[in-house]
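Here come two complexes built around chain A, the first alongside chain B, the second alongside chain C.
Entry: the complex of A and B
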């Protein structure tokens, strides 16, 4: 009580000295802000400090992205201005640092193909599995399956890679009768297997959260369970399924160990699924250790990382735009 | 009294359970063609269960069990060889909360006809206009048929749901408290609509609103704790309820 009265007095005296304080300029402004804060009630103070405290993490997460971009750009800059390099490295298919050739097209093509292959296998399979789990599976079976699926998501990627190297690659060799199973196909398949649990779990959650009344409305019109699941439930779950796709896109582009072990790491552009390839993450992992020999070599590897980041952002943004359109056309938002 | 192709429904000795809990106790009643039957009763008395027995929507619940018979056009709909999808084509349903599909207005209406094999676009357009007119919604949405149905107001959504139910032209229409989630003006519109529709449809309306039941229905059933307490012409029940429990309900002492 006395405190607030005191503040009032201060305010009055401030008012009377208005012209004088003007002269001090910003110092007076700061003073006034501090006084304003002092005059605030307890709850308002908590509110303000909460706002400031929560603003910090937001700023931090944004600045991390900016910092990573800046750092990649600074490191990659030399290759983009060097006579051997330039922006042309993106379309140059020859990578031979000993010869001053820094084309990264092979890696872009390799990563792009593996990602597209993985997504086009994992999404239909995973969403299909989720529809089964959510719409057909009795609860007694659903729970253990969900548990196993979630455990699959926790397996380290190196373990997937080892398994793929020992089982998947020879299987591809036998089934398709090819000499070398280390290929785009092996990379895409192991990526798809790794993505499956995420796609299944996230899509299943999305399907489960579709209101029961949509299902009832469809069934009441004489639809079968399958028609209902495909035409109504799946369509209503688009936002959640979209999230599953975005999550797996990010993981597919950036996955390193498993892909490194099964794609053959050969410097050539793959023309068939059975050709070996070299993906962006692999070249960075494999060569960063001795790339210091030529400064441009090191810089080129950072350029690969920069392209990788841009590619990941591009994939995610395209998916996001499509999903937003899907949500809007359904009136779900 | 009625011709051969009347769409009356006979319920004989219907008992239903969810798990161990018995919901309906030995219900026997008869719903006439081209009339509105109101099923009244306090919350939890089994009104919705009775309604959902008629299009077998209760079957979705694993623990559901029933005994007795429901006869539609002389056939027991719970017979082992009864086709539940065929049944649901003849029995439309409107739910308590408006539940249009997250699709365009047009797709909401064409969903049912397409399911049943109609793909002729002229015919589908005709159904869209016809059912929306019947649901008194056409003038409000005719320029926005491709807009998402979820952008409509609650009352409009409910009328769209009625239009959707009419899209496959079912002779019987089940309505589960269709106005309880709506504002009074929208509710009045839907009540008018029910009066309009009863010329051509057998309507069974679940409601806990006595006044509404008296306004729109020809016959009324009063359900209390799973028992059918009273079932007769609405007028008779409104004027002189036989059972003291019915009287208590319509005068507002229970429910």
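Entry: the complex of A and C
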């Protein structure tokens, strides 16, 4: 009691010396603040209350991420402590909830393969396209191409999925002469198409932020346009392009509807490009509806969602670190 | 050149070197051309799928608009499915609009107030970077995770139940990060002098923010809102577990009367159905959705282009 009073006095006396470090928590200060507010004019009152009003939505919109994490954790927790589950479900390849087998390795492997395939197609094409757009493209052509790229990003994933299901899958069947076109290949191809706009737009922004003077210096030394574009501009923009790749990785892992429609959804680890597979997002979409009444089954599905969430947090963090590295090492935003 | 002076046969070497240079130059020029051709091929491959998708979805989707009979032609847009799902998709169109309305009513104010607070009121530091990081993480979360979260949190835990409120709120969560970031960018581009002039005239921070800064950033903010509305319009995964489905129009804000259909969900439900006439309807729905989304996106781009033209 006395201690706290002493503290209060100390804080007050401190406050009189250094107004910046004044402790707002103590009673006397609160009283003073209220008096101050009473003395204020109307517009000033609006100003103060506005600041508080704005603060609440900010906290609310940010607390969503905490809520998501909390609820996924609460829902996924039972499977991690259950005897059938435990942390080992991540390395168990057998998913058979009716038999008490909750291994999610199949889905992780499926997602991983589709993503790798998509990235290895989308990155070379997308970065190449961005280099053309930023370094070679005449201005009159640049604007419409950029607009098309932005529109590609706006096409809903269900429309991509429908197109892949009706056009891409039959095409794969006829070209490669396979029975079932619903495969890793179809999933990877449609994912690659969906990632291209992200890769192109973010890489193009990164290339554009390289100062003109770099290019002019390189050209003045007698380098050709290609040498300038690749050895100077591209290498200066590497952090931004890295961020683009990581961001699209995150998007590829989390993509739901299009992949669900074309990968065939079969519980096996694929060995060739033409094998069907099952990805993490698909298993949640397909089974959450009727698994909801079985506590462990549901919990295992939420464990998959938790893995997805952790992966996307990781990708976002890596992309942020890359961008920071770019600012630090090259002074580019 | 000076290095060559000690050479016994300077002329011959120089000639050789020159020819070497020439061929090296030719090689470099050739490489330059080759790279250029490769990059042009890359950009063509990048934008080709856009035309293929628009063209092929267009051809497949037009089938239903060009044929006549119950539920075809313009009736496809203006009737509800009815028995056997032979009618149109009015329920899905109205449902999507209702969901966007709810998502916008919740998401737009939250994200704009948040962005104003971060850019205008908070100082750069831990708080600001924490908020920015949180909204970037939120933007990267897979849509099905939002769906599962919406189901557990809104439908089960808060007991809102399936329906348009739960679906709309889930979509609102999804639109907050992107709207917040674009609004923030728009606010950052307002010149400092405008704010300082207003403050120097004796205006409070509050009135400066709402009368000067927001007004100057308005077109940018509208662009951001349109882009994220267009994006959530096509989201399927968050709606599967939160909205239910409805063959008619919703009659209630809560309870079973509030279940709604949506266009993305309808596309998915119809294409998974073995009946062949539903596949055609699914393609027609996809074309309708595609046109609506692209129109919103084009509007957003035109608005933002006008702005950049005015500022620069």
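The rule is simple: the second predicted complex is superposed on the first by the 244 of 333 C-alpha atoms of A that agree within 3 Å, B and C clash if a C-alpha of one lies under 4 Å from a C-alpha of the other, contacts with A are read in each partner's own complex, and residues count from 1 in each chain.
Here is the rule we use: a contact is a pair of C-beta atoms (placed from the backbone, for glycine too) under 8 Å apart; a residue touches a chain by one contact, two chains touch by 3 or more.
No experiment lies behind these values; they were computed from the predicted model shown.
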Quick check for you: in the superposed arrangement, does A:157 touch first (chain B), second (chain C), both or neither? second
Looking at the overlay, what does A:261 touch: chain B (first), chain C (second), both, or neither? second
Under the stated touch criterion, which partner chain does A:235 make contact with: chain B (first), chain C (second), both, or neither? first
Counting only touches as set out at the top, which of chain B and chain C does A:227 meet: first, second, both, neither? both
Touching A:126, do we find chain B (first), chain C (second), both, or neither? second
Is A:214 in contact with chain B, with chain C, with both, or with neither (first, second, both, neither)? first
Under the stated touch criterion, which partner chain does A:136 make contact with: chain B (first), chain C (second), both, or neither? second
I'd like to know which partner A:83 touches here: chain B for first, chain C for second, both or neither. neither
Would you mind listing the overlap between the chain B footprint and the chain C footprint on chain A? 224, 227
For chain A, which residues are in contact with chain B within the complex? 138, 211, 213-224, 227, 231-232, 235-236, 328-332
Where on chain B does chain A make contact in their complex? 55, 57, 60, 62, 85-86, 88-89, 91-93, 95, 97, 99-104, 111-112, 115-116, 147-151, 161, 164-165, 167-168
Footprint of chain A on chain C - complex, ascending: 28-29, 31-32, 35-36, 38-40, 42-43, 45-47, 49-50, 52-53, 56-57, 60, 109-111, 113-114, 116-118, 121, 130-131, 133-149, 151-153, 157, 173, 176-177, 180, 204-207, 209, 227, 230-231, 233-237, 240-241, 264, 267-268, 271, 282-283, 286, 289-290, 293-294, 296-298, 301
Quick check: in the complex, which residue numbers of chain A touch chain C? 43-44, 46-47, 50-51, 53-58, 60-62, 64-65, 67-68, 71-72, 75, 124-126, 128-129, 131-133, 136-137, 145, 147-152, 154-160, 162-163, 165-167, 193, 196, 200, 224-227, 229-230, 247, 250-251, 253-257, 261, 281, 284-285, 288-289, 301-302, 305, 308-309, 312-313, 315-317, 320
